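All remarks here apply to the structure that follows.
We call the chains A, B, C, D and E, going by the order they appear; numbering starts again at 1 in every chain.
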């Protein structure tokens, strides 16, 4: 079975959100796309989920929000504890009254995530009006405050503008404002900066960090950019093929990566300060769900794979809160691996 | 906006000219001698010649055309060969009737087509979807005249609920006017409803997959509000354009529907005029219909701009 | 890694067919259409009476064993007329839509792709044609060309063309902006090939849907035209003319209207389901 | 009370001098009085003229006029008004009555209420013309003021005056209080509604939206008769339907069908007129083989409606050199009944070896082609006139106005012209019968049947009389509701 | 003497927006006076924020679009006025890789057709079999299987699609490859594969690469020379090492400092920019960067700085580059734990040995 959860290293605070044994399946595929995910996030902290594009990060996040397209996705397993409630994700995720209020989400695509037909102000205020018992004026007032907080210049005027009048960075900030306007205790940010420039990305990351420290909100941050992870994470979970292969505090994972996939990922990143040699990569591509191997899902691409890997490795601790799902961790101490060289 | 409308009107001018040439060439295109149709059973040669002269049918077509355009610009569309009424007067008399029929039909089409389209998009792949589609297709494949007669037999003769035919001007008795128009408008509306439903459905299917609909859901809005406000508002643009396009189809449908329900509108007038080779009337009506169609498209374009903040605020 | 990819072993054409075959409603549609087409083709060899043979003793008789679908206003067998009428109606639907598509799509592509004056001229003409009421246009054309089924089909086809021009043009405008079209230009693909390989297949789906819808309109338009004496010439049957005659006997002989009505509905349904299915099958992105 | 009458189509211009449609005449029956009227038996009886007398040589007709009659605009009706009316019919450029009144060379106003019509030669048909549109009197004041536009607001002297007209929708007339025969009129107003579709027309009657309709489809007879709330009245019409064959009208007449009368006779023998009547018209119409229905006094009983004789037809074909059959192209108006009729004819003819090919045409096209001689055979009919001359003279005489077949036989010309000159029934009948002896062989028109006018009325409507001219006369008609 | 393969001379492209029915005309200065030279055999990079005109510049150089003014010379030949018939060699020699691997492949064509198409155009003499073989070879060259030829683009991952795009670009045997953000849409591990692939191809096929991107780490890894663009203009250009190690323009500074390094807890000496990029339809007067520049002074608002040679090869368009404090050199990578370093080394070694057999395995599957 899977080992300890990827969770914050601060024992004192209670986790805001815990996810147990979450699995997800695309209809028509017998193999789960996301398999037995356990997560835990505490107040004021950020858990980053890292993984290759298309490995199921976004759909998982949507599942938590209760936003899954039921006709294509099926959740065979999974419970979520959030603010004292237990949600059975199999039947339904988050209820509509909690969604957008206690838990909010920022999406990957700022350019298309705002409704082109309505004014920014109305779109933000709508979230307040819907969840709070207040007047339109009050809602608009808080939308204004929120815009100010996310650092949009001339917010009064922006309120009355339409999405197409804003740049991508501003739109993403509007999305953040919309997500945060009800002071959620938990935020899911799904690659909020992937579509943006580095300079704007830096601004947005700063903003999220800042707001988080102000409100103590817990955050689940999805990205595959290790640079971003290093900037914002408290804890990291590395996913491959729909499973967590390594998790732990950001320092531990970056300084002492254990899983071959984590190592491969980190090698792939060109560094400003690094050498200009050929990049080390993870060879091959993620197998499609139909071809997903049994046991360790990484074994088809792992240079160290042996027959043992046909058995699924458990996520087991290698350090404080630092867990890895690999039969051969730590690699350098495995005779077999050394001999293979 | 004003300059936009002006430009749009300027563009319409060549279109209208083309149409006028087209309706004029109908005279040459259509076999059959209008004067023979006018002369009566006896076909007195003297009368025939006189009529030819009177309606200038002996002039070369281009000359006739120029005369007609010249008169038309002065608001004179000639007089009906058949009833001697000035065509402008005839049109003024029929236009409100057809407009009322068209508006009611469009309303029917919208009231039936759009909710059905939304519903079947939201419930894609379910029984509701199939039923809605099959109903829509049957609406499309039942000829107007057939549905009309069936309704008369059922609603008027058997159930005695609505008058079988006839027309009461809106100004005379609004309630009666609307009740007499209910059946024809429904008949005319069904085929349009079908088209509208299919297009609403596909527009909604596209929009429902969009990111901003997901955003709306993420705000915790109820599904109804998500669908009706966020999704539908964006699916509206193609629907508005389509509705304007359907106007043309509407007039064509009105021809038969008006015939069945004996509604004295454009459709009936124009078919009779074509068969009697009453060219002045045909030309007048086709011209007015075309201008109406272009006007509807203009409205649709304006609505398009109004519905698209992107265009509106630029 | 070694898992054989089932997709790889097949030729792409087969995959379209396979997807089509597994598309339930498309198969139903295909079945309906095939059924009527077969019947229409097999009319000469089916054991049915001559569709023009009259029986004065059995005028407007409800269905009996001898006349399973009843007889018509001058004592002809409705079943035989339905079967022979299928030919005319299917032809009317398919050929006229074919004409509209064959004319409308290329014109729409040219207008949309090249823009400028070409576009302006085509668009103005389209608008003018659209603005003239369809039935009048069709009546005028059919009257001008002389009454026959062929000419009725031409008339209906020409009248339906502007819609296809418009639809295609709009679609081309959006497809033209796609990166893959730029990529075709970047490799130096000649314009005719860009039009046929890149633009055409990608504007096809909505055209297909519109075409299947228009088949319905065309079958009914043939009915209206033959009612006006401008379509199929008697005594040769078409569903539309049968329906038109039948409307005078709705009280006394309802079956006369029922059968052609049902047949038109089924064919229209069939074509629409087929169209939806084709669109899905031709789209490699649909799973 | 208001009486609502459904017509099969919309009337054309409401000016008796310009009008040309049948439904227009139905409206005039309530709107415009004529000099004379007819009885259901086609006897001429007084209406605005109270008496008339032919001069010895038959070249003048003197009429005494009804006194105390006024037009709807108050203009008095008198001899001068009659003279003005004839003048208008003859000289208004748009007038369609010119040929009907061709024989009248002058009108003398003898005194206020006596008028004399002078003619160059005798014309027996004139009185009958006065029983129709040529005899309708319009207000000279109004006619003068409106000129050719008179039809937009017609002023006559009939029982009802014009109220309003909405094209394609209705023609509304209201009671004329000063009508000379007002006592016989029991409605405050009459509204004529054009409802083209027969099924819908009947449905309107059944649902009570109208009180009566004209030209019920024969196929709806059974249903109407089965409805307790509906009465049906009928009368065999004055007209006929048949197949006109092009014998000499241009190149298209130069073919076996135009050149050999045996083929035309064969066609006639091939047809079972009774069966046609049964199949197409539920037996309600009258089979025929002459321009007059068998019920007419002018019918030539020497040539009864022939029974079908396929063998004879075949023999005739063989005789003419077509033992293996022959094609015949017939143009047909593209409306339901003619098409149905021709399909039955087609089926019957086929059994005799005549392969009829139907070309359906829109009426305007058919008419143009027919008068231009661009046809081989044409299914067409004639609405009929009170005087027999109207049904035959223009069709069969050389150069006749509607002789689209271009049939020409000097003997027939003489006979038909002679029949015009006499006012004596027997003399005229003799001429027509001898013409028939020739025509029955030459057969430029194959007569098929005579339509029966069928009216369906609310059973509460009393006093309606069916006339063979198809008109609706409202004198004495009442509605108890 | 440098061997120049591609040269842009004062290229300008202004788009006229609207002016149609809906809006008043606005002029978007997408590219505004750009000059640059690309030497044969080098990798030339163009970097800059989104919307600064990179793609437009690339399209101009590809002659997929016509400049408002200025010239493009390929192999010393002016490309603007080439007749249609003379375009063929240009289209063969100069190829394009698109940013978006999802939208740049016709969804209705199989990979085989897509890759074979340039052959059809530029080598029409090949018969179908030869062409199929060449397609298979091209696919192999970019690391795809011959069997993939029968699939449709949507059946591939983003990285694979980008390879298809590259294979298609290589099919005509070009001398110059222009990549418009060829790796921006990919995730790190795939990006690394494509970067390696491009580098390999460049070496093996003796290509000249022009790479457009906004990720400086990638650019740094790949390029020999680089130009930095801002709002339609080049603000700094020079050899990659010099630009990265000693950036002169404050915008280059900002870009460099904004890149997040995958090192938790690393202290940035980040140069945070104010506000948003101005609209190219209404660029600021003077130095276009002055609205966001922390060092802007009065003359920046009024005077447009020209590209000024900082070194022989290193040019910068800034009035004050000399006085702007040098950015601190990026700190050398932090050392990981000893075990981790060992693991990385193991991984690298293991990859090298398995690479050959992995490729082999792929080919036989």
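By definition in this document, a residue touches a chain if its C-beta (ideal position, glycine included) is under 8 Å from a C-beta of that chain, and two chains touch if they have at least 3 such contacts.
Here the structure is a predicted model, which is why all the values come from computation and not from measurement.
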**OP:** Hop across touching chains from chain A and tell me the fewest hops that reach chain D.
**Re:** 2
Original post:
Counting only C-alpha atoms to place each centre, which chain is farthest from chain E?
Top reply: D
Original post:
Looking at every pair of chains, which has the largest contact count?
Top reply: A-E
Subject >> Rounded Å distance, chain A centre to chain E centre (Cα mean) >> reply: 29
Original post:
Roughly how many whole angstrom separate the Cα centroids of chain D and chain E?
Top reply: 90
**OP:** Take the average of all CA coordinates in chain C, do the same for chain D, and state the distance between these two points in whole angstrom.
**Re:** 46
Original post:
Which integer distance in Å separates the CA centroid of chain C from that of chain E?
Top reply: 49
**OP:** Spell out, as numbers or ranges, the residues of chain E touching 2 or more other chains.
**Re:** 362
Subject >> Residues of chain D touching at least two other chains >> reply: 197, 199, 362, 365
**OP:** Going through chain B residue by residue, note those that touch at least 2 other chains and give them in order.
**Re:** 30-32, 149, 153
Subject >> Residues on chain B engaged by chain A in the complex (per definition of touch) >> reply: 124-125, 210-222, 230, 233-234, 307-310, 313
Subject >> Touching residues (chain side chain D, partner chain C) in the complex >> reply: 197-199, 202, 217, 219-220, 222-223, 272, 275, 278-280, 332-336, 339-340, 342-344, 346-347, 358-362, 365
**OP:** Give every residue of chain A touching chain E within the complex, in rising order.
**Re:** 52-54, 153, 167-170, 196-203, 205-206, 224-231, 233, 250-251, 254-258, 260, 263-274, 276, 278-286, 303-304, 330-333, 337-338, 340-341
Subject >> Contact set on chain A toward chain B in their complex >> reply: 62, 65, 67, 71, 96-101, 104-105, 107, 109, 112-119, 126-127, 130-131, 161-162, 164-165, 175, 178-179
Subject >> chain D partner contacts - residues on chain C that touch it in the complex >> reply: 52-54, 56, 59, 73-75, 143, 147, 227-230, 233-235, 244-245, 247-252
